[in-house]
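Okay, so chain A shows up in both of these, paired with chain B first and chain C after.
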Partner chain A sequence: MSSVPGEAGAAQSGARYGEVFDRGYQHYEGRREGRAHAVRALTLYSVRGALGIKKRWTAKIIPIFIYAASFLPVAVIIGIRAFVGPVAEGFNYSSLYVALSPLLLILAAAAAPEMLCDDRRENVLPLYFSRAITRGDYLLAKIAALGILLGSIAILPPLLLFIGNTLLAESPLGYLRDQPDEVGRILATGTLLSIFYAAIGLVIASFTARKGVAAAIYIGFITIETAIVEALANAITASWRDFLDLISLGNVPDRIINWVFGGTSAVGAPPVGAPLQGWLYLFVVAGVAVICGVVMYQRYLAEE
Partner chain B sequence: MEPHRDEPVIICRGLRKAYGSVVALDHLDLEVPPGAIGLLGPNGAGKSTLIKLLLGLIRPTEGEASVLGFDTARDGIQVRQRTGYMPESDCLPGDVTAADFVGHMAQMSGLPARAARLRAAEVLYHCGVDEERYRLIREFSTGMKQRVKLAQAIVHDPDLVFLDEPTNGMDPQGREEMLELINRIHREIGITVLLSSHLLDDVERVCDYVLLVAQGRLVQHGPVRELIAGAGDILVEVDGDAARFREALVARGATVTASDGMLAVKHTDDLVFDVIRDTAADLDVALRGLRIQSRSLEDVYVQQVLAVNGGSDGVERAG
Partner chain C sequence: MSITHRAPILWLTLRQFRAGRAILLVALFAATPVLFAAIFRWSSATGDATEFLSNFFLEILAPTILPLATLILATNALGNEIADRTLVYIVLKPVARGRLIVEKFIASTLVTVLAFTFGLVATWAVATGGSGSGRLLGALLAGTLAGVAAYGALFLLISLLVPRALLVGIIYVLIWESALARFIPGIKMLSVRHFAQSVFVRILDNPAIRLDRALQLSSATIVLVVLVVAALALATLRLRQMNLP
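Let's look at the complex of A and B:
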């Protein structure tokens, strides 16, 4: 190991010829942050990784597609409304969320394995766990990272629509007065959907080191589970069959959207579950989050 | 917190770790001083388990351990703030550059983002990864990956670093450079190094204190110099009837074997020297040479581990 940089470099930097640079080891005397800093660092690192930043171009395809599919329709509608006038009146928050739900599913299916599977497959976990963090901190960072990603899809496009609607209204202030809780509804729906999709995506990803397998299981699980529950609900006539809708995971986002924004789903009235109160689905989301969190924690507690 | 030079950096009291019926570590009692410490033992001896226990990554079944004054089971976070760890296995993500990854690991150890980037560049340079640090890790050779692993272990300037088989899979030249690097970390930079290896030569060249473990038990520990010096046989060269001299020594209770034309008398205690002197005087035999046979670490290792393993030393000789 040379301790003297090249002479050419010295000449370029204007240093005296032959000057010796001391690049001896220096002990670190600077500030040291705590666990919260490490969690933040891991969160940002995981977000960057899932977006494919500083990775090869193939890693960027799905994120670019998802973001384009989320924002472009909203931007186009606002643009047309701005230049042409009121069009696509039926394009409201509820229908936007119904369109965003499959995108959230795809993003969670792609990003959750990206965040957890690589660390296990490449055996990076021992390095993380040898740092001054707990396993809970590690999971918290991963949950936060996926939450940020999903939240950016579940909250920002509807917010963009809200801003567009406000600016295009004849009286923006009047629009804001008439829609006092619209932002709250957007934040609530976006947060609940993000938690729901993130929890299931991460818990499945925590059981395998293979990203493709995790993504396939995630989409397959939600699709098949929903189909089975719906078939079961349609096959029985008992009065409690409506409650089966609570465990029909594929329908939960739709029910949440209906509950928060009112009205029936843009994809049609639910065959079962319609009589159930919307707040019950809040408990479903909370239950899913808690169960997935506990399972994941136990999974990583056993990890050496 | 810089440990005092005389204070033990690692203390274990009755440390035991069992996985069901399999005992990985069995009642370890030891105090390890600062310096370069070799953790030597065959594969499966319990070395990696001991490191994980010391890092607070797993809990002991019984007993307790402290590292740099912190209880490993209770204060794992504080232990890990002040220690670094280089695992034996491949543990680097392939899709990021060395600079990014080591910088990220510095941040994970609490360094602010800018300081982490600077520190990563500096430590990678000292580990022999300079311009290459902007290349993806998956393009690196095994030797370069080992250097990156070492860099991430010391990027936060720890007081103690655990190196688990750091020369694993390296070619002879890479191994030389890695051992030189580890030497520098200890002697120039002043970081206490615990080097776990099944390669005797690595430990002998780098370490000044050795822990020998076999089948989960600590079979020998102490400064290398003492281990290889003290208990070798006494080599005696006589001018005269060596056979008669040998018989006389045996008759006086000494254990004697022939060794390269000399007699090797077992060094049970220092009274043996008196027996040799008196026997030579009584038989009128001139003593031409008398010295303690020096032992290599390998001799100590083989002797101790064979006793535990019942014949197999499980060790690899380098080179």
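Let's look at the complex of A and C:
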């Protein structure tokens, strides 16, 4: 008694042996969305994953905390200004950015490993690369996702402050006329800080398997590297020590804030040597982004 | 009887650490002080080594390097067992939960303190040129031991409560111990960092080195011991009630 139905049928009816049955397998007839769609989907998925959407509640604590800490103070101050009058005169874009900078650091430390480490740890990268997505696309999607996430912290709260200032001014249109480039400054600072923190966070996350360890290395690296460079700058008396401030990574965000918003009172720790031109730090951010991008790409070329 | 029989979990944890790469990271953290000492020596051969080492301990080692380095192994010791779903196999063995916690704690503290002992002796030797006072070295090591033990017990407890303990620990270190403690003096009294700094300052007993509101050595020690015991007891309670998959 054979267990294969086709064979049994063939034996009984005496029909041709080895008939091909139509089991209903079909070609995919739908639209093929292509690489661009795959990158967009991966970006969205990464953002949602880092925010803890559709994950257990412990994964949501840190994003909720970060967003609350970045938006609430601005909202509260605008609310008090609206109802009580001018308070907290010292609260401007520079001081807001100085407060946002450590939040960006923590968010990058939490989100960057979330995006890269699990995929390597659980060996799902081959599944990604068997789709219409290259290694470059994969990294691009991850960079875009972290950039969007950090940008939402680095741009939206100052923008909220700007809107509040505009609406609370004596004449909103006059305020807009007086401050034509405020929005541009906010966008520039937010973008630069996001790129800076995201690049370093992702490159460190691409070398570690455990998420927590990547976060510890990230924060430890930035704080200790800054302390070492400052100690070195203190030890050197030659004039080129001023340029060491360019590689003390923990201070770069403060310098950029000072450069973009100028202002009379500089924020952050003063440099050890003479202050440098602000635009030099633009090259620091660009250099960090390029180096991190290249290192990450090389790393993923070697990946299975 | 060998250590494998007397303290099996301790032995197991040490072997796990040896197999992993986290221990390299701890060694790296423990070695950074030597770099600072080398820069100090290179810049000023005549500078006061005691002042440099004290400032270094109070400003950089105790607030940043020590908690970060301790975090890694303390959260790894039990956190990795949970993440890899191997904790259930250990719990099934006839080992009391309290003993499991204590042995895990001892393993992570032992390795971290050992790494820092090498690092700090080298740092002390480089900074003072080998002619420094033994008291300074003793103060450095005692302060480090106090900090590592307290942070280690605290983070071991956290690693049983939340899955991403390392990150939560980092945020605790950054926000509670650094930012808030700087602005609100009351919180400063309640930070592990302050107790470790107090131990250091009191053992050093140098009138030139001051710490705001430093505790007496005896009270700092008592608080640290109570903290460690309480954290380990809470961790034991938590492990007893945990739902292991």
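Here is the rule we use: the second predicted complex is superposed on the first by the 266 of 304 C-alpha atoms of A that agree within 3 Å, B and C clash if a C-alpha of one lies under 4 Å from a C-alpha of the other, contacts with A are read in each partner's own complex, and residues count from 1 in each chain.
Keep in mind that, in the parts below, a residue touches a chain if its C-beta (ideal position, glycine included) is under 8 Å from a C-beta of that chain, and two chains touch if they have at least 3 such contacts.
Quantities reported herein were computed from a predicted structural model and do not represent experimental measurements.
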item: First, second, both or neither for A:123, with chain B first and chain C second; value: first
item: Contacts of A:134 with chain B and chain C, given as first, second, both or neither; value: first
item: Greater residue coverage of chain A in the superposed arrangement, chain B or chain C; value: B
item: Contacts of A:30 with chain B and chain C, given as first, second, both or neither; value: first
item: Touched partner set for A:55, first chain B, second chain C, both or neither; value: first
item: Partner chain(s) touched by A:213 [first = chain B, second = chain C, both, neither]; value: second
item: Partner chain(s) touched by A:242 [first = chain B, second = chain C, both, neither]; value: neither
item: Chain B versus chain C as contact partner of A:109, first or second or both or neither; value: second
item: Chain A positions touched by chain B in one structure and by chain C in the second; value: 59
item: Footprint of chain A on chain B - complex, ascending; value: 52, 55, 57-58, 77-78, 80-81, 83-85, 87, 89-97, 100, 104-105, 107-113, 115, 119, 122, 125-126, 128, 152, 156-157, 188-189
item: List of chain A residues in touch with chain B within their complex; value: 1, 23, 25-28, 30-35, 37-38, 41-42, 45, 54-56, 59, 118-119, 122-124, 126-134, 304
item: Residues of chain C touching chain A in the complex; value: 22, 25, 29, 32, 35-36, 39-40, 42-44, 60, 64-65, 68-69, 71-72, 75, 79-80, 83, 162-168, 170-171, 174, 179
item: Chain C-facing residues of chain A, complex; value: 58-59, 61-62, 65, 102, 106, 109-110, 210-213, 215-217, 219-220, 223-224, 227-228, 231-232, 234-236
